[in-house]
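Structures given as structure tokens follow.
Consider the two complexes below, in which chain A is the common component and chain B and chain C are the respective partners.
For the complex of A and B:
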């Protein structure tokens, strides 16, 4: 009896599972959980990176919503506009391109997948060698020179300073570089779907590729679709590198200032860490709301 | 007969006035012979009080008659310098037409432009002598400037100066005949240095031209008609050194205010096809006059204050002009207009109303917003529909941070940008005051909801409500209404339900359509001011309802007719029901959009636009799928049927129109017959 109960105890306790989990939990704790908790904690203080943080309650949050006109007038609308276009737009693009790639044979598919995936990896380099050259503000810039030779414009447009064009340019580049992990997941999902289903559907009267996509491919890969949707929305909200690389931080007249840039501005230029932490917690809240909405939308079954 | 007599009388009076006017300078106090217009918040011209009254006509300067005068300026100390082109001289007169001096030279051939600087140097542009002369008051020529021999001036480009303006430093800006490069800018250094062309107008390429240029070879391009920009016709310079030009045929760029870099600073509210001259007033206001005698007054930002004046119809009424060449404004805001055809100068004096406007303009531009409200209030007492005053009032209140009043006036003036700014501030203040309490309330409500849910799980205290819900959903109509939400999410399955499972009824469809119309009307007339597309205070409910009902029924009927001859399987009822069900996204989303529209400013308006776009795309997709699924079509067939449906609807509308025309003819015929009968029978 005693023996058995000891075995039973050993089998019931999850100690070994925790031992196996330990390395992951340690790393996750150190690099994710603790920083997040510290950031949330700092957001209630007036930390300035030199003095010891003093507790100020909800002051940072109140200031963020009621006193920070730049945040409410430029940063928030810019971020929402960017995320609304680049999130779903990038998602749709990822899906369509992944679906198109899935029709190819293996070698070209791999090459094209690499090509499409590379912008999201190399955006820093691409920005300097491609987009900054394209959008140079004098007549040597490709786009200016091209438009001037066609007679659309008479004098060069200073693309990266002009407040009217900066955000659209940032959105365009955001779309260009949106084929990230979500794209790979969708591609994998499409390649993974069962061939026999397509055959069965063909027997049942599916006539074209479009119907295959609607009736088989999409229902078959709901998990990948959900993953890609969450990734693209989260990515769209958290992206801030494009505008600062193009136009510096802060961007001219805050024309393309996104929340992440605002956090950087307060955290690493003005050293108002407490306020920056509060802003990033607000961003966390926004991302959480949007990703739970997208979860609701894509995982209804 | 009586009216003819009256007209005779008026002619007689006119004759008297004219004969008085012809004998010399006469002050006249009669009604203005023209109407004064201003622009309202929607951009329409509306009539307003007379802004300037005809004051005086100068037909002779002293005893000197003018011949074809082409230009006139008013010097700072209040003298008129008139380029008396036909007599080859410059006539200097005081403001009431008494001769002061005549400036002339042997070398003048066709002096058509004149300018006077502060230090009393007189610049004369002579077209035929191809020279700009600089003279002093005693007719001594101080300098001559001829065609610059600079390579950038252009080969074979002639120098025929027409009009000119000179800065305080003596730099000349010259309008030359047949020189399309712009204003010629000459500095006095080294006996005249060509500095370049200034204020060049650009040609505009149309989309077709651009597309053609992409595909054409160089040789083909060379064959195209060359696209030459128009030259400025006249110019003026203000005390700050900003240059104003007017150009014919430039439409929205008729009037330009150019900074030192040659960049246009304004976009004027009104354009003129035949602008003749431009000048600035004492309050940075801008005056533009057309050849036909219409005078436009703008504020410094190009917002139209008034248009008045008009063309002489041959009766030579005082205040009307024939061919205007120049305009000037003196220190007491009187306007002088030089008429070359009649060789006379018309003088207009501002009315009390205009004086108030000028006072307000002055105070506002000096930043004295509170004081500027006083004259504005006076103006609004005189004409409460003068939208410019409302606009200025709104801006003054905005500057004073009195946002509720700013909202009020901006809404009256339809000044959307001020309204947006004021709304932003109002909302910000509201947030500042109410953010914490409302957050606490939300948190409490969420907690309450969670608590009730927990309680419900344990004790089942919502069972009663749940039972009512079940009983309600068993009611046929409510079930059908609820089905519209399912239809919206799953259109293909939803159509199957409509076709085979009897999930829809006509009553339900009618209710949905009625709701759609109701929501549309509410949204059209009561949505936030910034997103409103209709004029305020105008309601056309009957036509709104009729518009939706007729369009919807026309579309449904023609779709049904087309489907029946194209192997469609749907019945009329099914098509009607599925179409109304396809409107559900509007019913679900529009209330939110409506609420949102009340609080958004231009900053966030794009959110509403996105939402509307999303909603419309959703409805179109639903309609498409409804046609496809109800009739069991393929995508290609659906596209064809939709195209045919539009065609059928067009034909139906045409037939209805023809029937209406014929019907009204028949009606007229019957009326005429009965009238005839009544007449013949002699009732």
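For the complex of A and C:
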């Protein structure tokens, strides 16, 4: 699709485009861009939320890389582990489940889609009510009680304090809640693909559902695949609520401390806003690199 | 035996679907567990909430938790209906404005030509990658400078621009064939008309998905009530439910929390059930063929 379309050559197109964009851009600029720019500016200062910020150059960034033992020993490895499992894992799971749902007829599909999306609908509220009770550390907790009645363990495990279990639990809940808006977008994309393509492909020698998925479904919904990929990456690096909701901030021995929690810790507990801002700019960089890679994968050619 | 091709969205049940159902069923059960849990928990009487060993399913359902919740709300100075009203106004306004603004901007970014297009798309995507917590204080500063603190505007305006919604909508508009839009231009349609008559009807699934997304963001948002609004009478239901359940941290708290979660969850559930038909709208391409 290289040929230039007439759309681009319309007169006045330039001016009209700005009319369509203006309302969004106005609010986007005021409530998102300006605050983000201020935050990036603060990352070069020693702002502590009380005194006027003083310029410190790259000191915060240098400290983050060379001086922050907690960041290097706990926060970064935890975040990488979490992101590697929950990012691709959640993405593949979203795609496979959406694809499987599309093969079903309407009623079971609707019910299953609702149930699969429900963790995203309940997130936040469900976290405290549900998972904390599930993983309660004494024998009244559901998980402990089940495992004990099955004879897997004899003593209740203090799940949310034990450093061995905390990160795996956080990762599990991360995966559990990863059927989010990306999942919905993929589902909509698959269901909206042109059915005649599947018939044509069958004539051309596609033999099974798997080949259909690789040769027709995925190439036909690159925009949705890219959207879901970026959302998975952002979700994998930015979800910090699970750790803090389960175990507080900082988490016991930093066992499940993620970069976002580190930002919260410095920003709202120690009031080192400048340092917190620098950490979040670093996080932005990491997320940006990964989403650029996914953009290359799903580039429209 | 020639392979005929599996149709996406089959009209009726076929045998080949059984294996798919069997594969995804365990996952569906794990995912569904929490809803079941919240529903069961909300209707449990006191002794079942603290039963040992714990019981998952309620055996003698009661409305005790709900009556306790409403009793607690009656002791406060501001009636519950006020919070319901606030939340409804804020949520409805934001969802509609956000959808209109994102679809208009998405149309421009996808199908119109102008200077700075790619830069804008990249800025929008970078914005959704920036951790929200880091922007909280600068955001408070800008809202303060604008002088809209402690008004409905503080609830509504900051939540309307949602980069994720724009990104989503733009991706779907990319799939609308250029030829269709060109044909409309040749017939003398204006950009405005193309947006309304061609783009919007064809991206219904994206609009429905974005609506669910925006609704979630607004309905569960506590940031605006926490930081930008100080009058009790202007705060939202989510904020109120949260204070109610966290300050009552007694033994009764758990049941009340479950009841509150269920109440807050119901509107999301209803909205999803209404909109899922459009998300899984398989008729969308009929205008293109």
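The working rule: the second predicted complex is superposed on the first by the 277 of 301 C-alpha atoms of A that agree within 3 Å, B and C clash if a C-alpha of one lies under 4 Å from a C-alpha of the other, contacts with A are read in each partner's own complex, and residues count from 1 in each chain.
Methods note: a residue touches a chain if its C-beta (ideal position, glycine included) is under 8 Å from a C-beta of that chain, and two chains touch if they have at least 3 such contacts.
Every value quoted in this text rests on a predicted model; they were computed, and no experiment measured them.
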Inset, instruction - Go through the superposed model and pick first if A:212 touches only chain B, second if only chain C, both, or neither. - result: second
Inset, instruction - Report for A:62: first if it touches chain B alone, second if chain C alone, otherwise both or neither. - result: first
Legend entry - Winner by number of chain A residues touched, once chain B and chain C are compared: C
Legend entry - Partner chain(s) touched by A:84 [first = chain B, second = chain C, both, neither]: first
Legend entry - Touching partner for A:117 - first (chain B), second (chain C), both, neither: second
Inset, instruction - Could you say whether A:154 touches chain B, chain C, both of them, or neither, answering first, second, both or neither? - result: first
Inset, instruction - Pick one for A:20: touches chain B only (first), chain C only (second), both, or neither. - result: second
Inset, instruction - Share the list of chain A residues that count as touching for chain B in one structure and for chain C in the other. - result: 207
Inset, instruction - Note which residues of chain C are touching chain A in the complex, please. - result: 2-13, 17, 20-21, 23-24, 27-28, 30-32, 34-35, 37-38, 41, 50, 52-54, 56, 100-102, 104-105, 107-109, 111-115, 117, 120, 123-139, 141-143, 146, 157-158, 160-161, 163-164, 166-168, 171-172, 174-175, 178-179, 181-182, 185, 191, 195, 205-206, 208-209, 212-213, 216, 220, 254, 257-258, 260-261, 264-265, 268-269, 272-273, 276, 279-282, 284-285, 288-289
Legend entry - chain A contact footprint on chain B (complex, rising order): 202, 205, 209-210, 213-214, 424, 428, 431-432, 435-436, 603-604, 606-607, 610, 634-635
Legend entry - Contact set on chain A toward chain B in their complex: 58, 62, 65-67, 69, 72-73, 77, 80-81, 84, 150-152, 154, 207, 210
Legend entry - Touching residues (chain side chain A, partner chain C) in the complex: 5-10, 13-14, 16-18, 20-21, 23-25, 27-28, 30-36, 38-39, 42, 49, 93, 97, 100-106, 108-110, 112-126, 128-130, 133, 139-142, 145, 149, 176, 179, 181, 184-185, 187-188, 190-196, 198-199, 201-202, 206-209, 212, 217, 221, 223-224, 226-227, 230-231, 234, 238, 240, 260, 263-264, 267-268, 273, 276-277, 279-280, 283-284, 287-288, 291, 300
